[in-house]
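Chain IDs A, B, C, D, E and F follow the sequence of writing; residue 1 opens each chain.
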Amino acid sequence: MVQNRLERGLEMMDRVVGPSAHHVQDSLADIAPDLGRLLAEYFGDIYGRSGLDRKSREIVTVAALTALGKLPQLKVHIKAAIHVGCTEEEIIELLMQMVLYAGFPASLNGVAIAKEVFCEINQEGEGTNA
Amino acid sequence: MVQNRLERGLEMMDRVVGPSAHHVQDSLADIAPDLGRLLAEYFGDIYGRSGLDRKSREIVTVAALTALGKLPQLKVHIKAAIHVGCTEEEIIELLMQMVLYAGFPASLNGVAIAKEVFCEINQEGEGTNA
Amino acid sequence: MVQNRLERGLEMMDRVVGPSAHHVQDSLADIAPDLGRLLAEYFGDIYGRSGLDRKSREIVTVAALTALGKLPQLKVHIKAAIHVGCTEEEIIELLMQMVLYAGFPASLNGVAIAKEVFCEINQEGEGTNA
Amino acid sequence: MVQNRLERGLEMMDRVVGPSAHHVQDSLADIAPDLGRLLAEYFGDIYGRSGLDRKSREIVTVAALTALGKLPQLKVHIKAAIHVGCTEEEIIELLMQMVLYAGFPASLNGVAIAKEVFCEINQEGEGTNA
Amino acid sequence: MVQNRLERGLEMMDRVVGPSAHHVQDSLADIAPDLGRLLAEYFGDIYGRSGLDRKSREIVTVAALTALGKLPQLKVHIKAAIHVGCTEEEIIELLMQMVLYAGFPASLNGVAIAKEVFCEINQEGEGTNA
Amino acid sequence: MVQNRLERGLEMMDRVVGPSAHHVQDSLADIAPDLGRLLAEYFGDIYGRSGLDRKSREIVTVAALTALGKLPQLKVHIKAAIHVGCTEEEIIELLMQMVLYAGFPASLNGVAIAKEVFCEINQEGEGTNA
């Protein structure tokens, strides 16, 4: 059976971004459902392309969001980067590199978000292990 | 013999950025030589670190500069990305991906710079082959 | 009797922006009263001009603030847009359109603010009806 | 016969943006044709929606591009704004209003682009009349 | 005789910004004369205040324009900074400092503009001396 | 005994930025200690230079951070500005001036941060006097 663009997009968001994808969609459901649909479809359009592996796609996203200071989305995509296989060390490295291109404030604000994400992940990990 | 931070940085810029590194240094030589020195040293500090491979470092730089619209530096780093092994296809892919995070204008301006760089490279290639 | 620029500006802010105008002025009263005065005067200078109707003035302001990510002011001006006659649907439409020009993060952050504003308005409405 | 998303998008760009739409597509044809396709499709997705009239869509775009300083695209969309019925006076009014929200430099750079566009249009007009 | 806000503003622009002030006003005269008037009046409002000396006012303007990448205005205000007594060395120092807060691209683009300005000034100086 | 770059940098941060410098270093200690080290070293490199006095260095930093909307760092550097001798009046003056170059939202967000800082300082002052 043919899968439509929306279904493909939602599945791709789920695979790349993980559980945060649902939170984003849920937050749009009552106020701007069409924006949620476009987000899923466009995400699927781009991430469904070959030519750049998924891990590279997430690190460039993290870099762009850090440079632009889009912090809520940076949080989602640091989680996504880890979800597709980046290590915490790699994320810190790229946030440090942003010092050269966007200055210390962009980099420091990015590291503060990374710290939140790493803490949440470690707490979940401990919760699971207990 | 011990190599100092400046020498290491200049060597690293040379290895990663290629010939454009010299143009940047030359343009600063008479007006702000200390800025040229700091650029080389800080570049060496960051790119000399392990934890992220050189190709990944260049694609995140290209992404950040595209998002920020810093076009002269984007030109330098698209060249650098190719210099360290990125393909033209990979660069176009990441510039397209920026549509999602920074909008079409950022992406289109990035592609216009990429076009200039790819043309220059192809002309040089033809020149060499002739 | 002649009304001076400050009085005209405050009256214009009141008419366009509604109650939030007073909160902005109050927040500046003890720390930077002259900034409050300039804000009112310059607002009056611009919004007092013919050549663009008040509703158009507010939607372009909402667009600019969304693109720039100036969220506290975006909240004030989404309220103002509704105050001068924009519908919630029109505001969501323009926030969605920002995807094309500033990317999803700008648009999503704008929608989150719109959601806050619409909730506050609906609660006030219910309070009034009770 | 069913028109697909790409055809609808190209037609919409043609109707809203006018001849500049073709220049943008042509400039992408050899370097990033898929970006050209996505641009048309997404443009069609957004501008094909009801809820905001075409003239309002163009003035918010001009405002956002002025605030962000995306000058090549601002040129395209000032032309588009005129193409869908905005007057030169309305465009100058909104560029002036940006002083309040993005400062004089954003506004002055926008006016410089508007000047170029108005000159081109007037020259074409004279050419046609001759 | 009472001097009005516009006259005071134009005089202040003349005193602080020097000859470039006239170029800005001239460029606006036929397309957006009211924007030229507001620019002069608001400039006069701010620069006419006590509380910060003129030289400090110009170095903070140069810093802000460098950080924001507003290059045409940066050129005007580097000239203005020299006009009110800043040395070339002081300007280079502050452009270098921007590396920390806005990254190398902002700083390098600022230095490129400073180089243009210093060259123009030196050529004029030689012309005068000849 | 020779003091190394890190020690010099930390001492300089301490002298210019005051107690906030330690909070920044502490927040990085467990997540990105090398970024803390680079911050101190680069800060020392720049602020250790002659050519611009310390007070001028802090006011240009406050201006740049206001223009860029980097609010957590703006808070740190408004405190630093006061620490090196700026008056509250001078800070408000420069934040007001930013209206011209970055618009009211940047300026108003800066004043809100200044208000927080001035309140904290006054409370500490009262605490000390009690």
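Keep in mind that, in the parts below, a residue touches a chain if its C-beta (ideal position, glycine included) is under 8 Å from a C-beta of that chain, and two chains touch if they have at least 3 such contacts.
Keep in mind that what you see is a predicted model, and the values were worked out from it rather than measured.
Between the chain pairs B-D and E-F, more C-beta pairs are in contact across E-F.
The equivalent interface to A-E, defined as the listed pair sharing over half of its contact pairs by residue number with it, is B-C out of A-D, C-E or B-C.
Averaging C-alpha coordinates per chain places the centre of chain A 31 Å away from that of chain C.
Centroids built from CA atoms put chain B at 25 Å from chain A. For chain F, residues touching at least two other chains, in rising order: 34, 38, 42, 49, 65, 68-70, 73, 92, 96, 98-102, 104-106. Those residues of chain E whose C-beta lies close enough to touch chain C in the complex are 34, 38, 42, 45, 49.
Every residue of chain C that touches chain A in the complex is listed here, in rising order: 69, 92, 95-96, 99, 104-109, 111-112, 114-115, 118. Of all the residues in chain C, the ones that touch chain F in their complex are 24, 27-28, 31-32, 34-35, 38-39, 42, 65, 68-70, 72-73. Interface residues of chain F facing chain D in the complex, by the touch rule stated above, are 98-106. Interface residues of chain F facing chain E in the complex, by the touch rule stated above, are 42-43, 46, 49, 51-52, 56-57, 59-68, 70, 73, 89-90, 92-94, 96-102.
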